[in-house]
Amino acid sequence: MKVYFTIFHAYMKTLLQYRIAAFAGIVTQVFWGILLIIIYKAFCASSPGSAPMSIQDFIIYTWLVQATFRLIPFGIDTEIQQMMSKGVIGFELVRPVSLLHLWMARYLAKRLAPTLLRFFPTMIISLLFLGMKLPVSISGCIGWFVSLFLALWLSAVISLLMSLTLFWTISGEGISHMMTVLIYSTSGQILPLQIFPDHIAFILRLLPFSGMVDLPNRYYIGTLSLSQLPMTVLFQLSWIFILLGVCQVLYNKSTKKIVIQGG
Amino acid sequence: MSVIRIENLCKTFHSGRKNEVKALDHIHFTIDKGEFVGFIGPNGAGKSTTIKILTGILVPDSGLCEVLNLVPWKNRIQNAKQFGVVFGQKTQLWWDLPLQDSFAILKDMYAIPTAQYQSQLTNLIQLLHLESLLKRPVRQLSLGERMKADLVASLLHQPAILFLDEPTIGLDIPTKLAMRQFLKTINRQLETTILLATHDMNDIEELCPRILFIHHGKILKDSTLERVRKELLDEKRISFEIEPSSDFHPIPETTLINQSENRIELSFHPETIAITDLIEKITSQVSVDNLVIESPSIEEIVMKLYQSATG
Amino acid sequence: MQSIAQFLITGIEFLAVWALFYRFHSIAGWNLAEVALFHGWIHMIFALSDANSRGFDLMSQLIKTGELDRFLLRPVHPLLQIAGKEFTLRRSGRFLQGLMIFIWALSQLRIEWNIMKAGLLLLAYISGVALFNGIFIMQATTCFWTVESVEIGNVLTYGGVEAGRMPISIYPPFLRQFFTFVVPLACVSYYPWLYILNKPDPIGLPGWFALISPLCCLIFFFFSIGFWEFGLRSYTSAGG
């Protein structure tokens, strides 16, 4: 058991050192946020009555997305890809612990560390200069925090799932790319789900990805109230366990493949 | 007391519908505690396949395989604690993390008690001179440094058995020598049973009293190097320099291997003619310089082995 | 399988834009089809530029491994060698995406074509490719001084692609001028299309500007090559 914490800790230590990359990331996210807000304001200006979301709310939502940008999995895990191309995955089976749990600990760190580095500077800059506001209420803050915590776990599981698909396709690039686009568009990372037509937003909110971005943000803005927390926690937890189950199945199948075919 | 037991082990690989490769064809051997066994054979002979089965990451088609009384692929996790393994080109360390973090993770993974871990780690690091590299991420290490680190990683939990699959490929001479010395030490001091699969014949010569020769999935020789040498290429070589103009007549008990303007090389069997007699016969004909007597190189012996297997 | 994936990705990526138009119907006097035009157009340009940009991405690696030095020894201009290093079709999916949306947009709009407009279009496309390559070159040039590539360049490339998908009239004057005269993204899509669609320019630049706007990109491109030469000189004089 302790080994998972050791891995998490080791990766956190290493990843928290990438400060220059974090700086570049912050600049990018700030630019992005400004751009998005300009675009939305322009849209609102052309037909003032049609806004599904107030400009104020949009601003807050956007800065939350930018501040937690790295929480969402994207692209391929190059370390895993390297391992695959060097045929080292079989090696992971030589260890006395489940590879699945090892990777889970690793992904928790991989999602958390870069986010931590970028979160505070981005929040401070946007709070001071770019129209960002603090959570609408204490209960909103609590809801935001709890769902954000679960969002981290959800994100780690989805990262795990994406890596496992690499077992199946030699160049997992195609699948990873597609999943990234899917995740970005449907989680609220590109556009708040509220902007989508209501019936589409409804469907998107059933998918696990919305649990990573849209859900916590709605607590922060106040669209969701604390009384809905049990429901949303259930939603996030259910998806976490379902996806973990899928991961386990994929993993068992792949190891069987390696173990019979020789990797 | 046998530590590894393999009986009638078979494994066939299927690639596509028609392609079938018989990787292991009823192989059979036992290894006792404390042995240092060399596993040689051409590429594709079955060495890696055997090791993969022994470590539990490959399931054979039929036959028996036991490692310290456990069936590897059935008790994968339990078995994993009994051995250490180093796969030549591949590393088991975490690419992005500093070396010491990789070791710390392994400590927890194998549940090594702290005191034992500390002393073992210090000991191994000292033996292989890795002190200055502990803080470096693995991806920054050179091949030799990484191989040494992988050796340490494989031995942290003090396993009874060590599997090595081509561990010295691509290493420079000093590193190779250091590794050989290290392996000798742990085999003698800790009685670690070692199975070394390699192409490097010098490794074998230096380290392995016993060799297993595998070819096309069959064990063709299970013997010692000395016996194999006697069997296949029991001859000695004598070479010497002569004056360019001298006339050298062939000596009946010898075979001429090489003759150039000023150098001659002959092969002979020590049983047919004693060395002193031979030297006398040579020097009675010509005056010689730089006389050297040697056994055929181990590469030649192994070549003979390969040839006799295919021939 | 790949083409199905690309098709789906096209749809999904455009979903956000579509959603915004579903709610608001227009932005600064431009409708969905016109914005889709920008979207597809920019993607087609970027895809082609990206095809030969892999070498520039790897610039810091080229320097570290000494491959750049090898390039300098050959009788071909190093920029061409870097550009040709890995011509990949990895972005052909993006090109197809852009093309699909572009064709759809064209079908929705009634454009009166003539020789001028066709010529302008061709010029705009070439200039666009030149522009993006110029950005890649400049980003690669920074590697001469900082061995690790400066990720901030991505703000210009990917950020530029994002910004270029909307009419620049929505941006504040500072950004507008930046994207017209400094990194002339607007000259690749906005101004040429303004002319082709016969739309008046709310910013007030004269009509003929649209015709010469692609030239701004070419000027940028030559500037980027100059910057490269400058960087190369300091690299070689420093002993490499």
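Read from first to last, the chains carry the letters A, B and C; within each, the first residue is number 1.
In the analysis below, contacts are C-beta pairs under 8 Å (C-beta built on N, C-alpha and C of every residue); 3 or more make two chains touch, one makes a residue touch a chain.
Quick caveat: nothing in here was measured; it's all calculated off a predicted structure.
> Mind having a look at which chain is the central one, using mean CA positions?
A
> Quick one: which chain's Cα centre is the longest way from chain A's?
Result for max centroid distance from chain A is chain B.
> Roughly how far is chain A from chain C, centre to centre by C-alpha average, rounded to an integer in Å?
So the centre of chain A lies 29 Å away from the centre of chain C.
> Distance-wise, how many Å sit between the C-alpha centres of chain B and chain C, to the nearest whole number?
57
> Please compute the C-alpha centroid of chain A, do the same for chain B, then give the distance between them in whole Å.
Their C-alpha centroids are separated by 48 Å.
> Help me check something: in the complex, which residues belonging to chain A touch chain C?
Per the stated touch rule, the residues are 20-21, 24-25, 27-28, 31-32, 35, 38-47, 50-52, 174-175, 177-178, 181-182, 185-186, 190-191, 195-197, 200.
> Name, in rising order, each residue of chain B that touches chain A in their complex.
13, 23, 49, 52, 55-59, 73, 76-78, 80-81, 85, 87, 89-92, 94-98, 101-102, 104-105, 107-110, 137
> For chain C, which residues are in contact with chain A within the complex?
Touching chain A from chain C are residues 1-2, 5, 8-9, 12-13, 15-16, 19-20, 22-29, 148, 150-152, 154-155, 159, 162-163, 166, 170-172, 175.
> Mind listing the chain A positions that touch chain B in their complex?
So the residues of chain A touching chain B come out as 2-3, 6-7, 10-11, 13-14, 79, 82-83, 86-88, 90-91, 93-97, 258-263.
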